[in-house]
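So that we are looking at the same thing, I have put the structure below in structure tokens.
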Amino acid sequence: MQRMNIGIIGATGYAGAELTRILLGHPQTAELHLSSVSFEGEALETVYPNFLGNTKKIVGGLKKAEDAIEASDVVFASLPHGVGEDFAKTCVEKGKPFIDLSADFRFGADERTFAAWYGAGYRHPELRRRSVYGLPELNRDAIRRLADSGPVIIGNPGCYPTAAILGAMPALARGLAGDGAIIVDAASGVTGGGREPARAYHYPECADNVSPYKVGCHRHTPEISRAFADIRGVFRPVIFTPHLAPVNRGILATIYIPLADARAQPPAFSPKETAPRPPSKEIAAQAEALHAVYAEFYKDEPFVRVLPFGAAASTNRVRQSNYCDISAHVDQSGSTLIIASAIDNMVKGAAGQAVQNMNIIFGFEENAGLAAIPALF
Amino acid sequence: MQRMNIGIIGATGYAGAELTRILLGHPQTAELHLSSVSFEGEALETVYPNFLGNTKKIVGGLKKAEDAIEASDVVFASLPHGVGEDFAKTCVEKGKPFIDLSADFRFGADERTFAAWYGAGYRHPELRRRSVYGLPELNRDAIRRLADSGPVIIGNPGCYPTAAILGAMPALARGLAGDGAIIVDAASGVTGGGREPARAYHYPECADNVSPYKVGCHRHTPEISRAFADIRGVFRPVIFTPHLAPVNRGILATIYIPLADARAQPPAFSPKETAPRPPSKEIAAQAEALHAVYAEFYKDEPFVRVLPFGAAASTNRVRQSNYCDISAHVDQSGSTLIIASAIDNMVKGAAGQAVQNMNIIFGFEENAGLAAIPALF
Amino acid sequence: MQRMNIGIIGATGYAGAELTRILLGHPQTAELHLSSVSFEGEALETVYPNFLGNTKKIVGGLKKAEDAIEASDVVFASLPHGVGEDFAKTCVEKGKPFIDLSADFRFGADERTFAAWYGAGYRHPELRRRSVYGLPELNRDAIRRLADSGPVIIGNPGCYPTAAILGAMPALARGLAGDGAIIVDAASGVTGGGREPARAYHYPECADNVSPYKVGCHRHTPEISRAFADIRGVFRPVIFTPHLAPVNRGILATIYIPLADARAQPPAFSPKETAPRPPSKEIAAQAEALHAVYAEFYKDEPFVRVLPFGAAASTNRVRQSNYCDISAHVDQSGSTLIIASAIDNMVKGAAGQAVQNMNIIFGFEENAGLAAIPALF
Amino acid sequence: MQRMNIGIIGATGYAGAELTRILLGHPQTAELHLSSVSFEGEALETVYPNFLGNTKKIVGGLKKAEDAIEASDVVFASLPHGVGEDFAKTCVEKGKPFIDLSADFRFGADERTFAAWYGAGYRHPELRRRSVYGLPELNRDAIRRLADSGPVIIGNPGCYPTAAILGAMPALARGLAGDGAIIVDAASGVTGGGREPARAYHYPECADNVSPYKVGCHRHTPEISRAFADIRGVFRPVIFTPHLAPVNRGILATIYIPLADARAQPPAFSPKETAPRPPSKEIAAQAEALHAVYAEFYKDEPFVRVLPFGAAASTNRVRQSNYCDISAHVDQSGSTLIIASAIDNMVKGAAGQAVQNMNIIFGFEENAGLAAIPALF
């Protein structure tokens, strides 16, 4: 089968390094061409000593982006938002797929929303005709179609949106969700903050600590909201609260979805009593039925595991893998579907999903290079 | 001022050990009489070597509960639910305050709810005439009155309920909350699981991991719900999801309260667009106003710190202290108040609050023994 | 190439689960036959949910040891010390290699030492004629020879000994070490304690903690000492102190080896002064020369990486890999070689090394199934 | 009793913040005057939100060093090495004790050693006539005498030296140590690296990691060596290897001291055998005797706890306290005393010890402000 020369622009950020690690183990990788502004001319293992002894497929040292693009059949970019559009344009002109891990291509034609949340408009708006939001479980066919018709640009999803959208999709697609806001309460590991040292990621201040941040104003909110609308065709309010947790990798999103068909259990024993009953058998049956909808929905997806009924999703069971683990629950009164959705933020939430997109574009096995089994500990 | 002989039944569990630590540093402590079924006859420092050199006020080794009660002016109990009622009865008969860290006295006369969630009814229902739910910020006057009229039993609140109730109280009391369920999404440190080794608390399986548990069926749900009703006089649905996070101490509760006076910002730019706008200036002003209500509400409370506007509550800033840190936020559309509420689960969530209750009962300074400043790292 | 049916006895301990994970990804694995006394009849993913969706090569549920052996071409055993000899005997009789992760076959004919440290003698002493200490970097040829001559039993090394022996081997083999004890001061991650919950591995008591244990009496001491003697032909005193550190995986051994050719730098400026000088240029040159000996010694080893001069070994750079990373240093006076040696205790320190031994026995690529690149974070 | 106005220069570094926290709870503190170059003019709780609500004794915001000195009766300085000498001079001239947490006054008249390791000589060498190395357990009388005779400068010990010296002192002072180098292998928590974010302290790269650093060249080596010579009167070679461990607070030093009176146990069963015997009863008795020497040596020290025989020192049992916990062990052959010495690097290793020195200077109870009982979890 076809072997590829692959370029990675921004290879020394955390997502870039994770891309490199995954692609070095990918069966279709011929050569890797890595680019880094900060470390141009150096060897990757100088920056990341963990790669020592594993760099045979990397051609040359860290090079200029232009040179990496020139040498490659497909290009990944892991750059700050707003920086990569010129490279995307070059790739499209040269007929090379461009898989972008920034937010630049996540909003398609909706430049107004992008500009409102990211502070600047598009540099090359017309590129969105070749771009698609790269969540395979939502857009696999669209990705394939676009790739078949010419060079494609993938707007690789954000980490939180990946966990949130996969968690809510069956409920939205199957009409389980009633009116009202969907709440996404999520915790991320510290690698989500990237490689640059900063107070918020200084070990003594984030170890042994849990804290929310950017409450009510995180940029992943509109990305989640757009995808929810894509699934169901109507705008739904989304409330999203990210937290930082003292783990290296992982996102755990807990998603509250009001049920269209809420059960009629009286919430308390009597009007005079002020506490809810524990879940009844009817509520337990409802929970099991909802779980069954989820299990059926994802039964053919290679990277979404709906856990057995009764289990709860955990970040450690997906660590270093491309899995999204999902568990479905119901509150004690049967009013609200509660989904726990766990991913490794660096894999399914970034580099792994990007490789999954590459596999789809080129018709490789979708799990090529992504078959690692999570280790639990 | 009065010095007390103090009994602690269940002194070798984590909450019991934390009580011991706090009371050893309490200015009104004369003698401590510790009881433990598991370690009867041993010295405390055999079980907890951290106490080495600090046990002068502890009289004798770990003794029988009856002996600890006999020797004490006030008795704390940190026992499994359903075990301590007989000791409470003894204390009431002997005229000694009984401060109970189990759930046995948190539900007052509502035995039906207690029985439904805890699996058994009350042993001595009549004791509830002498008991009060010991959240000082909610019931300080009731605690004092009951203590003034005879021996009082304190149903010391659960850890999650403490964070949740303190976080929601101003919104409920001041009429900010509209209809609809209040969602409490919370993460706890592993000490919340107690001293007994178990798979869920085995280092390799809970380090570097975040996971929800008992979704839709945690026993703290009715406790939270009851208190919400007490504050506002009406039953409100509560949805509560606990998580385990890899920290030793701390609870961070993120609370979603639908606003009665939701702002009218159109959620998206136009009907055709599917993503929310970022928070407008009007929304920011609304958030600041809600923050001001919170700051005003708690301005005289010694242990509740409403953080400066713009900050977010963190568990590391309350570690080893009796503080509850609260930050108030609003979602981007102005529909929902989002409160972050952080406590140390072993202090304000258990032993510290119990000592605060003792201070109230005896008219000590409310922060006596509880003046430790959190250390951040 | 040959595909194997592989048996794992004791598959649900941590080392057994890690073996399973590695062998599921091994290109020569045809079928896995897993055995577990504790979970007989259950599916592996019930015990380890991380395996969900990856169990196609596992034939049946967890079965009896005899059945796993019968169905397999090669058998791994990860059992408590003293339990596996009967299985080893069966395997030898049936002509199947037996790779044993316990200490039972690490001491060869020296039953007296084994009995003194492990509390009981051998059940089948004669089996040692077919056994070899399975540290490939020390005994690769012996392993091959024995395997070529009939069924081989591998005494797979302990985790600490692997790090210690690989760290000291070049110094011993090349005659750099002078007289005097070699000190091995090492820290291990908590997975080293296994899967069973216990106080010492209870999250709240080992998180945020570093502590030595079994000082002066750990059973890995004689294993290290024996290997040192094997390398150089003379007995050398070894002092070994293990510590528990709050990491999941990893051993970092810091090894102090008195140099035969200690430099003549006066340790202090003058007899009257009481503090050492900083390292001189001569000492730095000596360090670089020693580093060069190490780099040369291991230049053809696939799993030992002597780090560039100036770097220091870290457990996070070998995590989930079969690497042993080594850095060589000298104290400021040039008297002592200080080696830092880092492995993943579950991989090179247990399951990975066992698979490496299997690869040698069957003539597979030595890194088959072991090509995972460590991820740094 | 006397209440003091206390100045802290460098109050916003980690040691400065810890000093502030301890001194806010000190019974003799009247006013605190804090200085910070980085945050001049701001309120402390802006930089350290954990102090919110506890700043009544802090007069004004963060001010100039000169102003803090002027307003104070005693001055602490927690500054980079080489920066504080002018302030020390001012204090001596004004008759105010100066307690310096940098290395500037740890080497007394031995400027040559200081210059060789710290890169520059003394600015005011004559100040060393008023300075003393502030390890109370070694120099308590000298500190008192110097303080009684005029303004004293305390060279507050480094964190590693505190653990190392307290661990070795009884062996040296009582003549237990034979010839040969003393090896100090130690691990520190990440707060030891200070408040400034840096790659080495970036959460994703130091979480779940153990690694040595500055092997053979750490500046605490000569400080340890000097103190060892002070204790025994002769220079002894010291080999010191620091490690970084993923804990917030704590140093665990494991110290290897060759015994003068090494036991005669044959190290192996016979000349032909290559592994050591397990410790004999004689060795166990020797260990117990050595433990008894330690227990006796420190029996009157308020902050050194020699653990019961058989226990091992742990950093979590001294966390947030001024204790140094020590356990004494012997290797299996009886040749080497192995001491484990645990402190909280921010308390006994920095701020707590500085306050202990202040208490000695002014004749306060030595544990005034330092009575916190460690919490274990």
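As written, the chain order gives the labels A, B, C and D, with residue 1 at the start of each chain.
Keep this in mind: a residue touches a chain if its C-beta (ideal position, glycine included) is under 8 Å from a C-beta of that chain, and two chains touch if they have at least 3 such contacts.
On a predicted model such as this, the values are computed, not experimentally measured, just so you know.
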* Structure fact -> Chain centres computed over CA atoms; the one at greatest distance from subunit D is chain A
* Write down the chain pair with more C-beta contact pairs when A-B is set against A-C. => A-B
* From the C-alpha centre of subunit A to that of subunit C, how far is it in Å? -> 37
* So how far apart, in whole Å, are subunit B and subunit C when each is placed at the average of its C-alpha atoms? -> 46
* At which residue positions does subunit C touch at least two other chains? -> 14, 189, 191, 204, 207-208, 246, 248-249, 314, 316, 376-377
* Asked: Contact residues on subunit A for subunit B in the complex?
  -> 107, 110, 112-113, 116-117, 180-181, 183, 185, 187, 204-205, 207-213, 215-217, 221-223, 225-226, 228-230, 235, 237-239, 241, 243, 245-250, 252, 254, 256, 267-269, 271, 273-279, 283, 287, 312-316, 319, 327, 329-333, 335-336, 338, 340, 342, 376-377
* Mind listing the subunit C positions that touch subunit B in their complex? => 14, 189-191, 195, 197-199, 201-204, 206-208, 246, 248
* **subunit D - residues contacting subunit B, complex** => 14, 17-18, 21, 24-25, 48-54, 191, 207-208, 248-249, 305, 307, 311, 314, 316-318, 320, 323, 325, 346, 371-377
